[in-house]
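Take a look at the structures listed below.
In what comes next, chain A is part of two complexes: it sits with chain B in the first one and with chain C in the second one.
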Partner chain A sequence: MIAFRLTAFAAAVLLAWPGRVSGQAGALLLDSGIAAYQELDLAAATGFLQRALSASGDAGLTADQRASALSYLGAAAYLQGSADSAEAAYRRLVVMDPRYALDELLFPPEMTALFARVKRETKVVHVTVPPVVRFEAGEPAYEPHLVASSFHRIVVTIDARDGTAVRRLFEGLIGDSLDLEWDGLTTQGDAVEAGRYQLRVESQGPAREPLRVVRVPLDVSVVLPDTLPHPEPPSDSVLLPERAGRGPGLEALVGGLAAGVGIIVLPSLVASDAQLSGTRIVVGSSVAIAGVFGFLRNRPGAPISANVEHNQAVRESWQVEVDRAADENRRRLARPRLVVEAGEPSTIGLGAP
Partner chain B sequence: MRRTSGVLLVIGVMLIVGEDVSAQPRFVGDLRGLVSVTGVERAQGESIVQLDGTLIGLTAAFRVGFLELGLRYAEGSIEQDAGGQAQDLVMGELQLRVQPVSFLQVGFGPHARSFVSDGTERWLAWEAEARLGAWLIPDIVRGTLDVALGLGGSINSGAEFGSASGVAGGLEVKVPSTPLYVGMGYSVDQLSQAEDARTDTIEQFFLRVGIWP
Partner chain C sequence: MVNSTPWGRLVIDGELIGNTPQLAVDLAPGVHTIRVERDGYEPFEQQIRIQSRDTVRLTSITLGPTP
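Take a look at the complex of A and B:
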């Protein structure tokens, strides 16, 4: 009793103090509210707890403290006979933490039953996302984790700043929890552009009417990958002449005729007194004919088919490399690295319980 | 027969070695196996004897820059048409060549020709050679003409060496999509004792198979 009075006194001083409530004020008000509740001074408890919940900044409560304040605020209202106020407090508690459960050792069964009913009727989802995720577009690496207060239908989208849906991630029923994945792509399969987006989770009623929306702001930045340089076109030193110059044809003609005539004539000079066979004429003629054929095949300006084929193969090979580099660059540019930074989620009620 | 087997073995080994050698960027080798239909006309005074046969052998060349070392070896049996006594003909040549311009090689070296029957009669000539070569179809068909002139020599039988000269020429064709080429050619060599006491004219039609250098 003495402790309660001291705490209440301190809280009263804080309440009366003009200006900003300092550091531990929220927690002190919470303690005072709980103490007043335990003393069944329900009006005082309600006052302390409402002031504790309204404290902000350094004086504000932690998430656990807010949950505790709301549970005592609902209990105080319930004991004061204000079921609506109790439900309102419990609904705030469920919206804040869909998995929260009243401590059955602290609160009587009728309160926990009321809380369970409110929880069942309050359709809300708590969204957890990693603060920063870096991944390559196309890789399903962004993984929101959803926890529902109760079984209901939800629609999860990634929205652009103007509210248009860039990608629908999920539409259906959620029971307890749900893990989703986003690959950084739009519905059309393109990587999202840099900018501000939001992860939007809409809780719907039985007639698919929107009840609540949870929004998580997403700041997406795009890191473009390095691209491959296109290979240089084949240089002249790699390409062969496609038309015969004067040299090869002349070499064939002069060389073939000289060798052919030499093979036919010179043996008669070397072995003038011997009876030579006609083989030299056959061989010499063959060489001379081959020379003439070679000249015709390689006459100046005549296309050199082997060189044309070689050059074509070189050019085709180069084109294949160019296409490969272009494809690879397209692939890289279509799959940039994304950095997604998430902000604080906010829940907006749309008039539904 | 034993000699023939030995030559085939040597050709086989050198084909394998030659392939490796040809892969070296600065040291280039090429190797050719050859078969020749050979006729020897031996004129001694009023007597003329004709001996015919088949020789098999190989040629090899090893090049560094514009220098080339050439080897040629062939052997076989020749005999008279009338069924006279057969004898073996063994020919071997070693030449050091230089290539001052792309179409010409000049060389010098010993060229031995041995006739083996009861004994061995060996003619050894030191010959200078000029070899002309031209691409008739670029990188596919090549024509060649060799002219050789003996600058001196000796005969082991005691007869006095007179002269030696020769001409050879032919075609070489690269087999598409392989490292092989085939060739055919004709050659004639004439060896004379002093004062034309005896003159041997060796005429050959040969086929060659080789690895493209």
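Take a look at the complex of A and C:
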């Protein structure tokens, strides 16, 4: 009793103090509300708890403290015979935390039973998403985690800013919890464009009527990927000459003619008694003709088939590399990297309990 | 008014009244035995004397676990 009076006094002083309330105000009001409840001063408890719940900013309650405040607020209303107010407090608690369970040590079975009924009737989903996710479009890397208050039907979509569904992620029944995946693609299979979207989870009633909607704003930015450079075409140093030059043909012609003439004429020049024989003429002519054949075979501009084949293989190999780079670039551009930043979820009741 | 931590069954003069907390239990003037019990916990028991139109608060009852 003394402890309750002290906390109530401290809370009263704090609330009467002009100007800003301190960061402890919400917690102090909560303590006072719980103490008043334990003393069964239910009107005071209700007042303290309601003020604790309305404290905001630095003075606001943490999520656990809010849950505690709503638990006691519901209990105080129940003891005062106000079932509707008790249900309303418990419903706020379920919407805030669909997994919450009243402390069975503190609250008697009639209260925990009422809370369980409210939880069963309140169709709501709590959505948890990572604050920032970076992933390549097409990779199912965005993973919302859903927790439901009770078994019911839900529809989960990624919506554009104007509310149109860009992609439907799930439609069906949720029991306890559900893990979903989004790959950053639209229904058509394209990567989403940069912009603001929302993850929308609609809880539905038995006739598929919308009961409650949870929205999580998503800020999507697109990082275009680096593309591969096309390989340089094969340089002249790699390619071989495809046509014969002047050198080899002329060398064969000149050499052959000179040798032929030499064979025929040279003996007569160096030996005065040497006779011009038919044999020398035939040999000399043969050598000269061989030179002509050599010239014709290696005449300037004649294609060199071995080099042509070699160069063709080099060019085909380069073209394969060019095509491969082009394919990879197309693939990369179709699957940009996405950065998805999530905002604070908000829950909207649609006239449902 | 009777409250306890944790909640327990309120028995007055051997009659089960209900679970704590209990806001209003009408009792005739005289001596009464108040007992709060719960499985796994040591029961609380106290005798009180009340007179006509008295309001008695027993709200700081703490049940300790059974050793």
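Structure notes:
Keep this in mind: the second predicted complex is superposed on the first by the 257 of 353 C-alpha atoms of A that agree within 3 Å, B and C clash if a C-alpha of one lies under 4 Å from a C-alpha of the other, contacts with A are read in each partner's own complex, and residues count from 1 in each chain.
Keep this in mind: a residue touches a chain if its C-beta (ideal position, glycine included) is under 8 Å from a C-beta of that chain, and two chains touch if they have at least 3 such contacts.
Remember, it's a predicted structure, so these values are computed and weren't measured experimentally.
In the superposition on chain A, A:Leu105 makes contact with chain C only, not with chain B. Of the two partner chains placed by the overlay, only chain C lies in contact with A:Leu79; chain B stays clear of it. In the superposition on chain A, A:Pro267 makes contact with chain B only, while chain C stays out of contact range.
In the superposition on chain A, contact is made by A:Glu39 with chain C only, not with chain B.
In the superposition on chain A, contact of A:Gly255 is made with chain B only, not with chain C.
When the two structures are aligned on the shared chain, A:His230 is found in touch with neither chain B nor chain C.
Once the two complexes are overlaid on the shared chain, A:Leu276 sits against chain B while remaining clear of chain C.
Touch criterion met: A:Val287 reaches chain B, while chain C stays clear of it. Taking chain A as the reference, the larger set of touched residues comes from B, when chain B and chain C are compared. Overlap of the chain B and chain C interfaces on chain A: none, as no residue is touched by both. Partner chain C is touched in their complex by these residues of chain A: 1, 38-40, 42, 79, 105-110.
Residues 1, 3, 5-7, 19-21, 23, 57, 59-60 of chain C are the ones touching chain A in the complex. Chain A meets chain B in the complex at residues 248, 251-252, 254-256, 258-260, 262-263, 266-267, 270-271, 273-277, 279-280, 282-284, 286-287, 290-291, 293-294, 297-298, 304, 306. Against chain A, the residues of chain B that register as touching in their complex are 39, 41, 43, 103, 132-139, 141, 143-145, 147, 165-167, 169-171, 184-186, 188-190, 199, 201, 203, 205.
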